[in-house]
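Two complexes, one shared chain (chain A), two partners (chain B, chain C).
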Partner chain A sequence: MKSFEYGDQEISHKEIMFAVPSMVVGLGILTLPQRIAGSTNASDGWVSILGAGIIILFFVWITAKLAAQFPKMTFVEYAARLISKPAAITITLLFSLYLLMFTSNIVRSVANVAKDYLFERTPLEVLMLVFFLVVIYGAAGSRAGLLRLNLMFFPVALIVLILILLFNLKHFEIDNILPVFQTEWSGYMKAARESLYSFLGFEIVLFYIALMNRTQKAPKAAMVGMTLPILIYMIVYIVVIGVFGNQATSQIIGPLIDLAKEVIVPGQFFERIESIFFVIWIMTLFNTTAMAFDVSIMALNSVFTKMKKINLIFITSPFVFLIGILPNTFHEIMTIGTWISYFGIFFSMLLPALLFIISKIRRVRGYG
Partner chain B sequence: MHKRRRLVLCGMLLLFLTAGCWDRIDIEERGFVLGTAIDLSKNEEEEENIEAESPGKPKGKTRFILTNQMVIPGTIVEDNSGETYNVSASGDTLFECVREMAARTSQSPFYEHNKILILSEDVAKRGHIPSLLDVFLRDKEMKRSIQVLIAVGEARKALEVKPQNKEMPAMYINSVVNNAYKNLGMHPEVLVGDIHEYLLLDESFTLPRIMSDGDEIKMTGSAVFQGDAKRMIGFLSSEETEGLNIIKNQVEGGLFQVEIEGDLIVYEIKKLKTRISADVADPLRPKFHVTVLAQGNLGEKYAMIDPFDADVITNIEHKLEHEIERIVNSTTEKLQKDFETDAMGLGTLLKRNHYKVWKRLEGDWDRGEKYFTRCEIEVTARVQIERRGTIIKSHGALGDM
Partner chain C sequence: MHRQPGKRRKNRHSPQSALSYEAAVSADVIENINHIKQILQSPSDLTVRVFTFGQKKLQCGTVCIDGLSDRSLINDHILQSIHRLQYSPELVSTNMTADEFIVVLENEVLSAHHIEMTSSLDKIIGSVLSGDTVLFVEGSKHALIVESKNWPRRALEEPSTEALIRGPRDGFTESIETNTALIRRHLHDPALRMETMKVGNRSKKNLVITYIEGIVHPDLVKEVRRRLESFDMDIAPESGFIEEWIEDSFLSPFPTLLHTERPDKTSAALSQGKVAILLDGSPFVLIAPATFGNLLQSPEDYYERWMVGTLLRILRYAAAFCAVFLPGLYIALVSFHPGMIPSKLAFSIAATREGLPFPAAIEAIVMITVLEFLREAGIRLPKPIGQTIGIVGGLVIGEAAVTAGIVSPVMVIVVALTAIASFAVPAYSIAISFRLIVYGMMLAASIFGLYGLVLGYIVLNIHLVNLKSFGIPYSTPFAPNLSDDWKDLILRAPIVTMRKRPEMMQTKDEQRINNGGSMR
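Our next item is the complex of A and B:
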């Protein structure tokens, strides 16, 4: 018995617009400046972020366009029409597996950061469990509700991020930004490749667009959503470089965390703003994780149509949790993260592009 | 009914999960560290003791004494006053010092509110700064915004001052730096994070100097660090620091005194801007033009002159221009000839504006071939007196005695 149920389980283009940045902005934003500062000169890294962002926008368009061609059809249904049923099922299962791995990696990483900065003595497993239970709760509920949550959380996260950047302008030194455009081409390329990984995650629109009633607006909404992370990353990068300088940034593992630590609110009343920052950051990470988990369940559900969603969640979640516990060191988590990113490149860029080309060549269209 | 019982059971289980916190530390048990001082240990007896207690232990190059200033939380009242106590411990590494300290105090030190780090002259001169700063950057409890100072003599003496207004010593030192807008000879604050950048870039830099005597501290002058050797090579006096501040365009205020007609007049700086342009016609011998533009008021006048006479004012302005040029030249001379260290950021200027030239000079700027010592620095000052005060004369002519 449920006392309240949302009237419709449909979403509009607005939900898609917010789902994309909520999904994309996650772990990567903490470490991105460090990863690109090393291979670029002074503040030149923003060029690479922009470059990678433009490439990503193109793929976002393809991905959303592909899904929008088949309104009200699940991924496995339209993939089956494009590349035969067995192939579609295999790919959907792999997709689900990839997202489950992604979920477990984030759950572990969030717990790690929380342990490092917030709960020093709480066991890691407990932190993971607490976070993951909330994620399970989120994914078990209404799907449209989860997507609407993005509309609420993301602006809050954005405001806090902007405040952190603003309070740091005091430490900003223009000298750190100069000289401009002195980076070698290879440096730009390397940094662009690094930033590419931080833009992954938008592949969820392949699934979520199926919830839309009218899909024409989806590609544009997804692209508008994607410009937000691009802008955020560029601004964060420039502020980080301006505050810490290029060399120091390339040596600080989480520049954004350190930026949050430097915040001094006038009046000397508030110190240690980073705890607030972490709360907000974990909120966005909740969105990312819950959507990743939800889409993987959605993918499984589209293959095993007879199973109930809640049962799929109960079957998969112990595995997700255990895989999250497995790695022992920071290094291992990073290695697994890198491998997941490689899969991400396949599922978010290669696969949609391939399916899109096939749909154009074979002129397969949806019923809509 | 059944459903309800299950809900109650769930609720009770939740109590076990949610109540309690692994990370609870009562505020009384936290030793809030406000300031840290590091000295070299010279105690030989102690070293013998360690040798006896743990003979096989790996030994560092030197032993340090770490002094933490901790505050007693209950005593803090407004305006930074409260009771503090200092704890010192020695060790080969800072972490060892902290561990040693834990054996002596009831409160576990908590560094997240740490404001200042004072290093003794000896520590800096022997080149220990890079290794000592590591923990201040690496440890997640540390902020990158801790202020770093170099003490003349022993560093912990500075934390032992007893300010007249009952402020906590560390907070007192921390707030003295904010007076930089009134004193030209004070070096602006330098943070741990800034030094990280300097050390990574192998840049030469300067840190504020702190001198203490019992009740008071004085924060004029600066310590010069050579970027290649990464150790301190000497102090700049208060006046030389004035020159440094002018060159680096970090003047927030202060005064100049010039002699005119046998007596002094005081010029109060309102705005001072410095522009440096580099002439790289000869890439190995860049020429720097330093242009100083000062605007300010006539603050105090001992000399018997008429401040509303245009000629007199022009005369004063010229005198001031010469004074500024003299101060700046004394600094550049000291840095070029004595220290052979570019702590003025001229290299950074080249890097910013003439990247190609800098790429050639980089390895031989204030190291190797030392091109820095041979480059020409030309100073021109322009001074404007805007206001002359609210009166013309404060007294009649003074008779000769």
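Our next item is the complex of A and C:
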């Protein structure tokens, strides 16, 4: 058995394994410690992250298992066999709408952060447009190529993240972490709910597994991929708390970027590491955005089968861009982001679980 | 954007028919010769010799092109052999027909190493034009084509574009027979296949596709053959024409075929399951497919010990990065993010830029362009003057421009580093692509600083993962990730650990080390 066949457009389990963390790790990690620190004591937030992670892993398994049952079938095809065709089409269109909103939200956020850290005078719309054009170029290319980009960018971002954590170890104070397990039950729950949102995005496997050549490896690959963000979030959280303390963390909007600020490269080769960190982070943000956009186009394409992919991209992209411009303040972007997360909960957890149960009860299976 | 080469081109008319001559050989020698003369319009180098044989005064004639064919071979082995035949009557009886006579000539008289009997005038003309000699005999509707190719050839020289410190010194020449022989000298493998085809409707040059049967993936050979068969141009003066015709995407700045002048590199590629394409008249052999990683490899990596090889590889990747991104990085840091440069360095850069008339972006673009001028001039000029232009150009850029306060000294350093880095890239074809891309990166950096630069990097990577070379993704084995092939990518693992041929080539025979390396 060879994992890669000559002239192949299909993807292997490795692509799925990298697609999940590339999709999940994005903007969420920048603000996650702040959101959790408020409702938990000292470093206890990691328990919530772990708890949310375990719940998420279960749903990742269900989602991947569901899609893997129907090899080479698009989401709308197998959903139609489970829950009548009109329902499947409606859900697919909503799914696509949700991901388009998600795309526009990230495009806007990237431009906002870029304005904060790199440019002060350049208009926001221009920064958005440039980033979005690159996303469009990525989505217009081959789908397998886009998934392969994860393999190239994610390790780089991961290495930079690990370096930043390592350089911060000397600021790490063990007192900030203690005392442990002093949080109320409700605090853990609240923090877990917050971290749950940061794990969303893995629902893309519902669509991407259709491209795989051997789907039985998909559930394991997706779960292995998901453990990476869980570990990253936990480690980042503990280091952030260790360096800044719980009190300060809950006040800083982007603790991870502040963590990068603390870094002093030996030999002082570069200063202002947070800018470099953000520049590298744009690569993972690109992956997240491009995949979200690509999957929404894929969903639309599975409904409007006669349309060309490139035409769908040209039709949807102006709307995505305009929706991205709409919010006025960073606060509004965050609010919209929260609303999108609610949809995310439905599409990544409730919907796959429902479909999975139906497929088990009605014993519907794919042809593979 | 990525076309399937050869698919869309429809053969609306066949130019072949306008250039071929259906006529057959006639029984009359003079008529045949006149026919050839008429088709070729009796050029000055067409040499015709008509003579008679024996008591019956049987008329014979030879036709060849002077300068392409070996005179002494024609004299000694064709004309003299036939003349001597008169003194050995046991071979020729007087009542022999012309057809019988020509068979005797072919089998027993002429001592050339390759003789072919034909009745097609088209084929005869093709052979004569490629340096063979044709022999007509009165009364026979067949003619003999005697191989007598010989023309001035260049001696084997060390390849000037791919010089190595350690490694074989011989390089390909313009003659395809020499080149195939050089490959055979490296591979005595009976499974080495060489398929010949003619390319160019008018040039009708020989082209050889070579591969090792049993290693190469059969689909790859099929695909190469299919694309080459679609070649539909008048002439093919250099393998660059073939390359551009059969490459996967002509919109890409990256070369998707490797070209080399080195037989050792070619034979190593063949043993990895690749296909080589040789064109008569070009010392550059094409190797397909090529990935990004291949283009940063040099045969020397394998000739030196593995640690050195690994170091060289890492240096080359760093050089490739510098060649593309260094000027952009300088522009971004100096004009957008001076805060990111360490304060002391920032001060000294600011001090040197004091009073300069142009922003860093303009400065960089102008300087890189001047550098390109110098490079071009250096290639065009004869070698002794080439060095002079180097000194003059270096002085103008390095000294005078700085003293005159037009450019900053740091800029000169950046430009020089970029140039050195691009020379460190072993494949010239990708080094010139880098020279092209550097402009894009400078432009991105001069408008959007680091943000633009990283977006440029992303765009470059999107392009690379979408690009294919003969069905193999260009970015293999980075992505798709083939962990076994990483042994021979940025690192060059010890050869005893490279037990298998590259996974990406999907070779039929996977084992490179057969007995599990019993030497260890």
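For this structure, a couple of remarks:
What we mean here is this: the second predicted complex is superposed on the first by the 361 of 368 C-alpha atoms of A that agree within 3 Å, B and C clash if a C-alpha of one lies under 4 Å from a C-alpha of the other, contacts with A are read in each partner's own complex, and residues count from 1 in each chain.
Definition applied: contacts are C-beta pairs under 8 Å (C-beta built on N, C-alpha and C of every residue); 3 or more make two chains touch, one makes a residue touch a chain.
Owing to the predicted nature of the structure, the values given are computational and were not obtained by experimental measurement.
With both structures placed on the common chain, the touch criterion links A:142 to chain C but leaves chain B unconnected. In the superposition on chain A, A:131 makes contact with chain C only, not with chain B. Residue contacts after overlaying the shared chain place A:333 against neither chain B nor chain C.
When the two structures are aligned on the shared chain, A:89 is found in touch with neither chain B nor chain C. In the superposition on chain A, A:14 makes contact with chain C only, not with chain B. In the superposed model, A:280 lies in contact with chain C only, and not with chain B. By the touch criterion defined above, A:345 reaches neither chain B nor chain C. When both complexes are overlaid on chain A, the residue A:248 reaches chain B alone and has no touch with chain C. Of the two partners, chain B and chain C, it is C that touches more residues of chain A.
Legend: residue contacts after superposition of the two complexes on their common chain; A:123 is shown touching chain B, with no touch to chain C.
Taken together, the two structures place residues 118-119, 122, 271-272 of chain A in contact with chain B in one case and with chain C in the other.
On chain B, the positions that touch chain A within their shared complex are 21-23, 112-113, 140, 143-145, 193, 196-197, 200-201, 348, 351-353, 355. By the touch rule above, chain A contacts chain C in their complex via residues 2-8, 11-12, 14-15, 114, 118-119, 122, 127, 130-131, 134, 137-138, 141-142, 144-146, 148-153, 268-272, 275-276, 279-280, 282-283, 286.
Across the complex, chain A is touched by residues 217, 219-220, 336-337, 339-343, 448-455, 457-459, 461-463, 465-466, 468, 470-473, 475-476, 478-482, 503-504, 506 of chain C.
Across the interface of their complex, chain B is touched by residues 116-123, 126, 171, 175-176, 178-179, 182, 244-245, 247-248, 251, 258, 261-262, 264, 271-272 of chain A.
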